[in-house]
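Below you'll find the structures, each written out as structure tokens.
Presented sequentially are two complexes of chain A, the first with chain B as partner and the second with chain C.
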Partner chain A sequence: MDDLIGWGIGFVFFGISYFIGSHNEKAHFANIVEREKALVSLPTVTFKQAEERAIAQTKLVMGNVVIAGDFFKQVVAQLASVFGMRISVAESMVDRARREAVLRMKEKAVGADVILNVRFMSMKIGEREKMSGLEAMAYGTAVYYVK
Partner chain B sequence: MKFEPSYIEENVNVPANNHFSEFLRLSLWLLGIVFGIYLVLGFAAEKIAERLPPEYEKAIAGGFISKLDQQGFPQTRAYLQKILDHLVASAENLPEFSYKVLIYDDKTVNAVALPAGNILVFRGLLAELKTENELAMVLAHELGHYAHRDQLRGLGQGLVLLSITTALGLSGDVPGFVNPAVQTFDLKFSRDQEAAADNFGVDLVVRAYGHAGGTLDVFKALERQDKGRIKSPEFFSTHPDSIWRMQSLASRLQLKKYPQRVALPFPGLGVLPFANRGAVPKNHLRIPIKNYRIGVPKR
Partner chain C sequence: MEITNIETIPGKRIAAHYGLVCGSTVRSKNAFKDIGASFKNMFGGELKSYTKLLNETREESIGRMVEQASKLGANAVVNVRFATSDVAAGAAEIYIYGTAVKVE
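Moving on, here comes the complex of A and B:
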């Protein structure tokens, strides 16, 4: 009987987690695309020098975000880990986190001409052996040329 | 070099397939693999169990039988032991064990064939039965499991199942559904074993008592039990439906032309623990216990 209750609760959480999680993810992706389009004119590059122009100002800019791995994703990730398959549910988490971090970084660099030397960092947050959360950080040097 | 802002809509970093279909695909993989391992190891365990010498079986049983032996109801034990000894004396093809009855103080309506000839009878079953011949039928059914060596087969398969789930680390929070799925498959075997034990049981009762009176009444008692709770479809139950069992046994009685006479009544008060007659609540949800499964029923 205890088992049945435990499973019942587990299944309900699993279902709720799937529906809410996938809804949130979809909404987040839509939001990311919209903002990326708005900020597409600000180039972000990994090299250290772009143009031979006089620089008025440089600034360190960074964007930081933490995305949670929901219960549904944790179960699927554990299943995938049995066979060593691609954890595609985590791939979408990583993509969301990196792109959101870049967007936040760009939003920090108001009026900049270019962001040079962009770097990424990411880290798992939470308990061992669980995909509780994923942190991603993007940072770079915002350059303002002399007008 | 001039910077031309352009936006790429396509995203190769996120897989196009839906998360739920990914989940289904992975679960089917896992189910298939567990199933395969279970089939292979279960087959191996069955073959080993069939050839396991009685001394080994006694050694296995020694580990846990003493824990189940509550030493209660001495008069009832003596009475049941007398019936069992009578049956064993008339039986053929039984493995060489010292057959022993243990009474377990629980409302469950069941009896279990444990390794090395230990038959565990639940108090709840005794309260449901009406005559000595019914009791003899139950004990003879359990002896049938020993004759077919089912008690070890269940032990072997149970161990395989336990090892697989533990090896995969599934005993924790992840897919608990793997476990029942495998067990359900097992039930077909189990039901065939029960039917075979029924046939052995009735033959033995006729040999010991000279007639088959009262043997069908056991299933009436079981059916009364079935009515009290939600009926599970036959595919999910370890024992075949009591009505089906009763019918197949009745046709066997006709086929073999076994005589039917009046069954022996139970001895006087004080011998059987009748305290809980009718005490099983109507909607008492009973956890089905395999008749040869090892261990104390939990919860």
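Moving on, here comes the complex of A and C:
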């Protein structure tokens, strides 16, 4: 009986976390797309060469975010890893984290003309076996040309 | 102090090199904030306290690197790299290193 209640609670949480988690993720993606459109005029590149123009200032900029996975994702990831399947729930999580990190970096470089040599770093947060969280970080050199 | 993650400071000439400078910080998580994080783990989303903690840790590491560079008489740090490592359960090290230079 106790086992049954335990399973029952597990299923209820599984359902709730699916609805709340996917709703949050959709809202976050909508927000990301909107901000990406607003910041599209600031290019981020992975090369190191600035244009041959007078430069007013250069600055190291970085942005980071920690995104947690939800209970639904954890269960799906565990099931998928039994059969060696593609874990699409994790893919959306890392995509969301990296894009958010780039946006935060861009938001710190207000008025810059280009961000050179953008690099990514990510780190796992929390316990090893669970998909509990991920930190994504982006950094680069913001260049301000003389206007 | 100018910091970049490319080999030069664009538009400026490097006059002198002072070698490698680095800054490292080891931080552990806050058990009280962790309770909030475990709730968040149910439904997903951003863990703001962790984002802030890691950001502060990085700023601190940069501060230590800059301090070391200014002691050497440098006015810029070029080719800065970031590294992290797990030192213990629930603790992370953030390590930042670069080359101290004098630009003009």
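In the analysis below, the second predicted complex is superposed on the first by the 146 of 147 C-alpha atoms of A that agree within 3 Å, B and C clash if a C-alpha of one lies under 4 Å from a C-alpha of the other, contacts with A are read in each partner's own complex, and residues count from 1 in each chain.
Convention: a residue touches a chain if its C-beta (ideal position, glycine included) is under 8 Å from a C-beta of that chain, and two chains touch if they have at least 3 such contacts.
Nothing here was measured: the structure is a model prediction, and the numbers come from that model.
**Q** Based on the superposed arrangement around chain A, label chain B with chain C as either clash or fit.
**A** fit
**Q** Check the residue A:A30 against both partner chains and state whether it touches chain B (first), chain C (second), both, or neither.
**A** neither
**Q** So, A:V143: does it touch chain B (first), chain C (second), both, or neither?
**A** Touch status of A:V143: second partner only.
**Q** Could you look at A:V110 and tell me whether it touches chain B, chain C, both or neither (first, second, both, neither)?
**A** A:V110: touches no partner chain.
**Q** Touching A:P43, do we find chain B (first), chain C (second), both, or neither?
**A** In the superposition, A:P43 touches chain B alone.
**Q** Just checking: does A:G69 make contact with chain B only, chain C only, both, or neither of them? Give me first, second, both or neither.
**A** After superposition on chain A, A:G69 lies in contact with chain C alone.
**Q** Per the contact definition in the header, classify A:I9: touching chain B only (first), chain C only (second), both, or neither.
**A** neither
**Q** First (chain B), second (chain C), both or neither: which does A:F83 touch?
**A** It touches chain B, and chain C stays clear.
**Q** Calculate the angle at chain A, using C-alpha centres, between the directions toward chain B and chain C; round to the nearest 10 degrees.
**A** After fitting both complexes on chain A, the angle is 120 degrees.
**Q** Quote the smallest CA-to-CA distance from chain B to chain C in the superposed model, rounded to whole Å.
**A** Minimum C-alpha separation, chain B to chain C, in the superposed model is 14 Å.
**Q** Pick out the shared contact residues on chain A: the ones touching chain B in one complex and chain C in the other.
**A** 21, 73
**Q** Within their complex, state which residues of chain C touch chain A.
**A** For this pair, the touching residues of chain C are 2-7, 9-11, 37, 40-48, 50-51, 54-55, 58, 62, 80, 82, 84, 92.
**Q** Inside the complex, what are the residues of chain A that reach chain B?
**A** Per the touch definition, chain A meets chain B at residues 1-3, 6-7, 10, 18, 21-22, 29, 33, 36-37, 40-41, 43, 72-73, 75-76, 78-80, 82-83, 85-86, 88-89, 91-92, 94-95, 114.
**Q** Which residues of chain B touch chain A in the complex?
**A** 3, 5-7, 9, 11, 13-15, 17-20, 22-23, 26-27, 29-30, 168, 173-177, 285, 287, 299
**Q** In their shared complex, at which residues does chain A touch chain C?
**A** Residue list for chain A touching chain C: 13, 16-17, 20-21, 24-25, 28, 48, 50, 54-55, 58-60, 62, 64-71, 73, 93, 100, 116-117, 119, 121, 123, 125-126, 132-133, 135, 137, 139-141, 143.
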